[in-house]
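Labels run A, B, C, D, E, F, G and H following the written order; every chain starts at residue 1.
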């Protein structure tokens, strides 16, 4: 039984991401890969002097990678590892604002922040502004209205994007999180809430998908789209 | 095969509702009953000089009943028929406020209003104050804070009870409605949103259950509970 | 029992939509409203010389409205009624491309087209390019890559946004449709497919929500966002 | 990449809870917070001499907190940690009765008890009175009918609130628990049972949400609601 | 394209039911068959002088059959048509008691009654004894405890079999009905409630399956099982 | 905060089970109880010289109990612990046959066997007779047809009860198991298959509920039912 | 607003199907198309002298088409319309056997039969051989074992493909149908049963997808696959 | 309580698989079996000089088996253990191609590969050709079109089989994987996508069921089917 040419596989994988996002980092989903696989991939990238972003990376795997790439930077909250070979080129038109309903949603929000910065965008964060204490949101209306794109992260009932979508005219990307228990069903309640938002023009990504929200925001906010 | 003694059945049914709510109207779920059954039940109630409330009653059935009970009153929006033999005795401590997110939610809100009034409570209504235009809600803060109990009716993402639950200290009963399409799944999105409300102490009833919300509000607002 | 001030209600509803979209049409969800309600709302709008867009409007209701507003225009496929008091002001940066997997998805695609045009954007359409005959999609790569924003409408397995998301760098808004049978579950299969797209940065709206996709595209494509 | 000002975040969080519940404890959901975060939050609260209630706190985290706050009190069953700086002010009109179907539901019932007491209410408990041995429930009818508000906790088929709702006229708050296996689906069976209760006026909170039920009961039972 | 030999098909179908239930009626599910198909089947049965039971038969189809078989008997509530060629042979050990929570559940209960009688069993009925008015159930304890087998029919939360299962030692077959709305999900709530019954030894059949419950009761109650 | 009188609680629990099943063992669900709780309960039972059956008991807890009650007997496969103070009185009319589709379903089948024996019934077992190798089932037709009651345990698609229900006239109790992966959804596939059995008169219990199936079989098979 | 070039659309649609199935009929899903659209498409096909197969075509639409194409043939049971311009070329290696559990499943089975014949394959049918009367299946073992490919159609619990998959070595394609009620959930029960078949190597298509099953069988049974 | 004759059970189990697949390996699902059970089964097989394939075998159990059967071969990726007593007889007509969307889907793809080879078929693999980088798929069109049967493995949105089904005329077996997070729901999104494939004639197996896909491919690809 012939073995699969792993090196080959990895290169294909890398190549696949490059084509569309020239100048942007190689991104790797760390969750389903072994340390050995990750080391092989990062080494291949290093030879090509790409910037690297690994998402959904456990602390354990991160430490193994940091031992080999001491210049890499691991963000515990975002669970991302970043490795820069050249400064990130800024390509955005305006600021991407990442808004976060509760402190428990921070890991997803932070994944969005790290990703958007690695993709060359200016990011600001606004945290702990859930709809049950809505006055705090209104205190920051100026910040909300200044943003070019908003990523709104919320678990439980996921109502925040509806409220914000009614307050701003800029694009709003809603990210449901799996925060909650019981009838939150691992983020389904928030996901359905966001899909049914009464604020027209709110779009949604997968549960806990801070990375995807940042990619979508980057598509919107690029100075020269193609 | 012996027939079921219908008269008997109806009386049993009536009897069942009386015991706990002395002085309150007999209530009948109209949806699954024929005109013949409804006529028999209302006639039996009339002999006992009870006030009568029929919910979920179609226009067609209502007209057949109105032809027999010309003093009855049919509310097209609420789909309720009421028949008074004596004035409703007022038993409430404060005002029950029925809040309604969108105009499409009005039938459910109105069912709650009619029911609560038949149960002897003062009711006010506040309509079309969805979270996507939240300033209109803030214009009515005094009204919200004056209520003894709030029934908050919303479809789609069902976010309104969370916002209101964060603005008032009184009991908030959330009623999800089946208004919406696609991933609203006939009210599941709103139901889940309300069950996962980040405003603590919000309770929920079944989808479209304006009647049940009013019963719950009446339990809370009675001057002499037992 | 006091009646609800309907006139008041309608105005509140209108007012709510204006604030954020100055110069844009008033939009009304026709599905859950009676002809009488729609006539009242459109008349109120007429006094304010707004442009009007009614979505999800049945043929029957449309005919009743056309009898009263002979200058209105009803699109049978999109099930939209539009009424212009002044020419639509063009506010977009580029072209919005509405792509449609199958002919059965056309009503949703067309709702997106009509909405985006009413919101002041240039729209092109590309239809019947499902993934099972993918060569036809490749024949139109130039069209896909020229668009500023893409709205991709698909039912059944909803795979088209993934393929297109991998071919273009512009924002892609995926719209699942309820087209299908059996395990399509009224659009759930397509919705889940789009939420799990392997093309990063694809965002999703509710099932059959062509209107919402157009609003999202309009948020992205506005020359002066706020 | 700037770090988030945690201290700031915590204060915002604390502030958010105060406004509506003057004189009531600060409450913290322990489940998704690290020991370090919890220590920081409790210390900030201590400076403000607030009473503190932490819910869903694992034994491990509890021990770390107890080492720092030896006067705190951890309830293993309820998984709550309480820390009193001043005696709890009693603010209730009557007694809140927490009823519990089975011994496995005790943790949720006890969370309700601890919370309601911290919110200033008199609480009694009635345990192990499931509907399959219904005579035991009838032996305690006096206790049931004396309560001002009832919190009824049940897993499996969740039938207890229906039975009790038919026996008392006071408000009944139903709490489904995740106790069960197979087709209990982590509490969905009980949740649906309670939402469909044939006893009118029963309201429901999220699965295992003893805390929320107590907050709702406290809203109902406050002497001076606002 | 050859046509399918329908006569053949029907005979096969009839044959299939005979083998195990010698002396019992031929039973036909009327729901998915045309009047022409039903006529052909009943005529074939008539030649074999079998007793016939058709379930789930609409009024319209029933009238067409009655025109051809004037001795047949249609039960509007049960939606069954029965046609006797010889008296039903009584084969049971004791009485089967059909208990019914609400009047809306009567059609399902009655289908069980008609079926069990056609299978040769003594049946009694007890109706409108839902758990919200539980005293009426206790008034009939003697009746409950006298039954050899109990079929308990309930919609909404489906709690009745749990209560009855705790009161009697005889076999209890629970039948969930699709009565309810919103989160009853067409009988899922009742089905799950019954599957999770805390009264051990309660078994369950499909939603609205009065026929199946009667077949199960007949299996249990036969004097000479094989 | 007063502690709950555990002893009291336990006694109530024990008492509850006795009433209906005089002479039968006390049964305890081991899953959600601590070793300390189990020891207390078993000791209380011992004072009353009851036979004891504990189900869903992990190996770890079992060992702790065996250390205290060396005469107890733990069945690793069934995960049951039994403790006899007097011989089990045989109360059945015929033999209960436990049929098992695959070897992976054996723990559930064995739980049924142990329970039925403790309840005083003769039990036989027939294992590994899944529908994909149906000839082995036919080899044992005599065994199947001799049984007074059949408990049929199957995971995956759960088809076995349909086949057996068509082969025998005795009562068939179907037990879905959680064996399977992917779209078996923890036993939902088997559960739905059994509820929709085309063999009329098959009844169903909860997923993995061997205990409940045995209780149901015991209700059916008792010589003197009440 | 420019109209969509329908003629163009139709041609694209036709073209799309040709490429892979040279010599095979054009197939059209009739369900979501108007009579006008269908007429236009069939006329376009006629100019190309293709054979035509329309599936899921209502009686009403069929009659309108038959009025225009009197040589077409409508199968009421299969709800297919076929129009031959040249005899179907036979391309199969062996016989495709369509097996059908119940008479209610016949429309789906027949759609498979018609489709497979239009695709150039020999088809036999075996009907009414459900697993509850399994002896009838065994009477036809020779027929089952002679088939090159088997399409097995079943609703309710969908057990038939498992039994047949264990009896033959040829490819088995399982088609769940929406026949059933209650917990059959429109075919989900049968679908899950088939996906979890204990007979290895059974594959599954969408609910009620007789057309798809025939296409799959045709892919397998072609003499010269490419 | 008599013990079950395990040896007997094992033999029955082995025997069951043989009958239909003379000359093929014995296959064992390793997941739910203990090392002791597996050792007993493999030893029994050894005495019959069968080839052996164990699937879903954890590393731990594999090591225990390898210690006893040093000639066995464990594939870590596929999680299969194979033990050859005689060379595998090649029985296929053409090549089975296993296509894999992402590197995370490799374990399932590899299980299919190992199984198909053990069943006597030639297998090729094509990996990492997801639809988001579709050009790589087109580079390998010749490979795709040369295959006699294709097994297409994909997680997330599961779109790959639709694209491939439109490119080839050979049979396509789609295997959804549980790869993904959030709204992938453990493979449901991919499963639904594949069931709703717009490429006609694609069939589907259970989530992660590489083994079953290979069995289905083997049924199709056998030179002498019976």
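Here, a contact is a pair of C-beta atoms (placed from the backbone, for glycine too) under 8 Å apart; a residue touches a chain by one contact, two chains touch by 3 or more.
All values reported here derive from a predicted model rather than from experimental measurement.
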Contact-graph separation of chain C and chain G, given in steps at minimum:
1
Matching residue numbers in more than half of the contact pairs is the bar here; say which of A-D, C-H or C-G clears it relative to D-E.
C-H
Report which interface contains more C-beta contacts, comparing B-C against A-C.
A-C
So how far apart, in whole Å, are chain B and chain D when each is placed at the average of its C-alpha atoms?
28
Let me have the rounded angstrom distance from the C-alpha centre of chain F over to the C-alpha centre of chain G, please.
44
Using Cα averages as centroids, what's the distance between chain A and chain E in whole Å?
56
In chain F, the residues touching two or more other chains are 130, 132-133, 166, 182-184, 188, 191, 195-196, 200, 206
Let me make sure I understand the interfaces: which chain pairs count as touching?
A-B, A-C, A-D, A-H, B-C, B-D, B-E, C-G, C-H, D-E, D-F, E-F, E-G, F-G, F-H, G-H
Under the definition above, what is the set of chain A residues touching chain B in their complex?
101-102, 130-134, 156-159, 162-163, 165-167, 180, 182-185, 188-190, 192-200
Spell out the part of chain F that touches chain E in their complex, as residue ranges.
20-21, 27, 145, 148, 166, 168-173, 191, 195-196, 200-206, 211-213, 215-216, 218-220, 222, 225-226
Of all residues in chain E, those that touch chain B in their complex:
75, 103-104, 106, 113-114, 117, 125, 127-128, 130, 132-133, 136, 179, 181-184
Can you name the residues of chain F that touch chain D in the complex?
1, 4, 9, 12-13, 16-17, 19, 29, 31-33, 37, 176, 178, 186-188, 191, 206-209
